[in-house]
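Each chain carries a letter (A, B and C) given by its place in the written order, and its residues are counted from 1.
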Amino acid sequence: MSWDVDYFMELFLAGLTRGSIYALIALGYTMVYGIIELINFAHGEIYMIGAFTALIVTGVLTLMGWNSVAILFIAAGVAVVYSSAYGYTVEKIAYKPLRNAPRLSALISAIGMSLFLQNYVLLAQTSDFLPFPALIPEFEWLRPWEHIVRSSQVVIYVTTAIVMILLTFLIKFTRIGKAMRAVSQDKEMAMLVGVDVNRVISVTFIVGSATAAIGGVLIASHIGQINFYIGFIAGIKAFVAAVLGGIGSIPGAVLGSLVLGWTESFFTGYISSDYEDVFAFLFLVFILIFRPSGILGRAESEKV
Amino acid sequence: MISFAEIKKSFLVSLWFVFLTFPIMVIRVNTIYKRVEWRWENMLLVGIGSFFFSFVWRYLLRRKELGRKKKLAEEAGVRVTLWQRLTEDRRIYLLVLAVVIAFIAAYPFVFSMYQTNIMISALIYIMLGLGINIVVGLAGLLDLGYVAFYAVGAYSYALLNYHFGLNFWLALPIGAAAGAFFGILLGYPVLRLRGDYLAIVTLGFGEIIRLILENWNEFSFGPSGIANIPRPWFFGIKMSLEQSSIFIYFLLIALVVFTIFVVNRLKDSRIGRAWIAMREDEVACQAMGIDRTKTKLTAFALGATWAGMAGVMFAAKTTFINPASFTIWESINVLCIVVLGGMGSILGVIFGALALILLPEYLRAFSEYRMLLFGFILVTMMVFRPGGIISATRRTYKFKSLDES
Amino acid sequence: MDMRKTFTVVIVGVFLVFSLVGISAAADTIKLGVAGPHSGDLASYGIPSVHAAEIVVKKINAKGGVMGKQVELLVEDDVCKPEIATNTATKLVSEGVDVVLGHICSGATKAALGIYKDAKKIAMSPSATNPALTQSGDYPNFYRTIASDDAQAQLEVDFALNNLKAKKIAVLHDKGDYGKGLAEFAKSFLEKDPRAEVVLFEGVTPGAVDYSAVVQKIKQSGADAVIFGGYHPEASKIVTQMRKKKMKTAFVSDDGVKDDTFIKVAGQYAEGVYATGPKDLSSNPMYNEAVEEHRKAYGDDPGAFYPQAYAATLALLNAIEKAGSTDYDALRKALQTNDVDTPLGKIRFDAKGDATGVGFSVYQVKNGKYVEVK
């Protein structure tokens, strides 16, 4: 195994790509968990619906002969709108009635929703793997490094960075962000000081779903293929990433995702792809033994 | 009853759904064949469907709210469930028991082999459900990787049989022991973790076991699996497929009865009380002097033991195993059994297992919509009955006050 | 309280009703079971076989059936999962099936065969290519109308060495039973051959978010050719990434990839890809007729394993006719001693269950279509 720089860089960038996609999905997981302490199993399906919606829009617009960059933006926009709508609806139907129910029931409801959405798309669309047209144009200035990194990857990095910055800005400097932080700290207290908890929760779901949708569009463009099942696996990985980084923490979600992406990439590249998932999980266990709340997680103090 | 405001609300809901499902239901894009199909009829379907459905949904939600308020109001008196009433009246209880026993005994002879086979699957899942009930229902430890122990049991029988010709009856206790061992193995790293961190680590553990089985060919034969696993042996009598099925059926009935007995006793034992205490409040139970480590580890170990045994039965029944049978979905399935049926209650778990196995088989008629319906049922069940079909009832002691007679 | 009671009664009642449904009466027909994945992500591999059986049975019934009796189809879904396949097999057996067309996936077939063997029913698969199924001798009741994986792997290896003159070969698979098995055969054949070395042997995780790492590894290993065992979704992802990285490595794959869906999904990147598949049949008039029949009945071109399933149905029903009964031993003898004309040519079966006269060729994607390489 040659240790040349090119190979290392390729693996690094491949890991960065994976990590960025996981991050876009993990952000949604972590935000929802922070607010209502629910593992939103259906979140992976929101990501998949984002990808499918984008595919549909792209398909229609391509047939009408529109310009590819325009299609990309419109498809992404429509995907975001629809994913947010789905996220909002799912919350209202499957999670809101269970706010006071045992945690496990809400989890099962989430799982049921995940199953429902998967099969809904399967039946309404198709079980085939559908090719996704490459909407991201090849950048001229990237040509010398084309064998290491492609323009779609660069777009992914930049977008993830922008999303993270925007999200941090939202949480730290806006009123709704403050409200979100309040609700995640103490729901009852937030209600007492006049925060509309239902609205805050809905906004959280919407924002989380929007980021997942962006992830869906980007990864579909990059890999070139989507299928009704992609949400499940990506969802599990993103969830692992969120836990790794400390669930409930936004920088944690991104950090955890990047760490997971790099771990997988380097392990595959230097050792073997057979056990990459095993290694990723073992790594998770290892981290959690020493930091039970995840890398950036807040150490929870239990009030007696 | 149906006011204008209601109609308006439902109308808005149906508009929302039409908008929501527009891309996916109306437009079918097939980029393989470069075709776009517009299905406007679906819009009508969604609109009308959601309009009526929203009425029903809101009605049921209101009923649930009313029911809950009523329950809170009558908190003074202790709730007596139907089952408690039944079991208290000795005669009804014995009668029901006799009917059930007769039904179980006659089942394989009255119904076809296919039905018996399905019932065997259901029984295996009952065992799994009861096992995970210990971990999740009693001890409150969210285990998403339960399938790992199931796989351990199955593979230990398959491999020991392949290499050493070990027969079924020896494999059964060995499978149980292997399960317990791995349960403890899993328990150690997760001692410090709480709630959802525990969930993800157990999920990871389940995946690790499956991936190792899939990739370590020399050990486990990888994805091709192990075939020709012998069925349980009964004094060397050569049994046809039908007789073998009947034999496995009764064997499983015996095992399930044994499991129910053990779990029942455990629930009321010291360790069982410790689990329930730990589930309710970990800090308080520590303050009461209960050793958290030992309690958690025993929960995992005992829970895993049943999975191990169920695994051995599974291998013996299907005679062919491969890693694809032990995915996350299986863990989720077993978890659903417990939550749907009623956490902590044995009868609930039995019902949950029966429902979960028999429903998809009988829904074969709907084949395409099977999983869709299943997801829908899960959500609906949770929204309207979060405690499960038969929720666990604590042992109640009624004190006759001096005023009552 | 009332709701709970009624709820329970309803549930119990429903169970009882459904259980009673299970007791079915036997009609006097010949029952042909068709088992395979008819739902889920592998449905596209199983549904064409159902179509084939439907078309053949309709034709034969119109001519008076087999032995004067009408043929009845029992179609069951096994979603390509072994434990579901055992349920499916049990169901078919308890419904009195006479012969079975199936299953489709090697793993599911393996699981089901045990049940058919005990029940003494013959099963013929149009697609299960795992060699052990016939060669181990464990399943004398199994036949197939497609050549086995080791033959395919040998062909791929020979092609890569002789035609492509590759010296360094990367062998990949999708970690599934079929793909990994093929890859392992290819690896062992290559290791026995001094002309080339195996520089990489890796599995890709199906459904992973991105495959760059594995593709880098291929590039890093300096391989001239990639031999891939598995199905088209993974193959198209790998080929796409490879070509996007401007890698000119030749890509040789198996009949899981020799599918038009692969070309459509991979698009321009499919160009030049090699895949092995059953011998080209377009010169066989019966094959063309069978394709026409599918077009007329279903409005589309037939999918995977259609001609093999068509041939298998013909062979099974023909054997019953020739043997004069559905008795297990008589059928076995009939299958081995009679030729039957099928879209695959004139075939009969050897003692182990493989069909004679059925072989593989190498195809290449040229201008968006698979063309046989002579």
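Heads up, the rule we're going with is that contacts are C-beta pairs under 8 Å (C-beta built on N, C-alpha and C of every residue); 3 or more make two chains touch, one makes a residue touch a chain.
Computed from a predicted model, the values in this text were never measured in an experiment.
Participant: Could you name the chain whose CA centroid falls nearest to the centroid of all protein CA atoms?
Facilitator: B
Participant: Looking at every pair of chains, which two share the most C-beta contact pairs?
Facilitator: A-B
Participant: Let me have the rounded angstrom distance from the C-alpha centre of chain A over to the C-alpha centre of chain B, please.
Facilitator: Here chain A and chain B have centroids separated by 29 Å.
Participant: Averaging over Cα atoms per chain, report the distance between chain B and chain C in Å.
Facilitator: So the centroids are 33 Å from each other.
Participant: Rounded to the nearest whole Å, what is the centre-to-centre distance of chain A and chain C, using the mean of the C-alpha atoms as each centre?
Facilitator: Once rounded, the distance between the two centres reads 36 Å.
Participant: Residue numbers in chain C touching 2 or more other chains?
Facilitator: 39, 175, 203, 261, 264-265
Participant: Please output the residue numbers of chain A that touch at least 2 other chains, ranges allowed.
Facilitator: Answer for chain A, listing residues that touch two or more other chains: 128, 130-131, 274, 277.
Participant: At which residue positions does chain B touch at least two other chains?
Facilitator: Residues 32, 215, 368.
Participant: Per the contact definition, I'd like the list of chain B residues that touch chain C in the complex.
Facilitator: 32-33, 81-82, 111-115, 117-118, 121, 214-215, 222-225, 227-228, 240-241, 244-245, 314, 317-322, 324-325, 351, 354-355, 358, 361-362, 364, 367-368, 370, 389
Participant: Note which residues of chain B are touching chain A in the complex, please.
Facilitator: 16, 19-21, 23-25, 27-32, 34, 36, 42, 61, 64, 136, 142, 189, 192-197, 199-201, 203-205, 207-208, 211-212, 215, 282-284, 287, 328, 332, 335-336, 339-340, 343, 368-369, 371-372, 374-379, 381-383, 386-387
Participant: What part of chain A is in contact with chain C in the complex they form?
Facilitator: Spelled out, the residues of chain A in touch with chain C are 1-2, 7, 10-11, 13-15, 17-18, 21-22, 127-131, 146-147, 150, 219, 222-225, 227, 229-230, 232-234, 237, 264-265, 268-269, 272-274, 276-277.
Participant: For the complex, which residues does chain A have touching chain B?
Facilitator: The touching residues are 33, 37, 39, 49, 52-53, 55-60, 63, 78, 82, 85-86, 89, 93-94, 97-98, 101-109, 111-121, 123-126, 128, 130-133, 236, 239-240, 243, 247, 274-275, 277-278, 281-282, 284-285, 288-289, 292-294, 300, 302, 304.
Participant: Residues of chain C touching chain A in their complex?
Facilitator: On the chain C side, the touching residues are 39-41, 43-44, 175, 202-205, 207-214, 216-217, 220, 232-233, 236-237, 240-241, 244-246, 261, 264-267.
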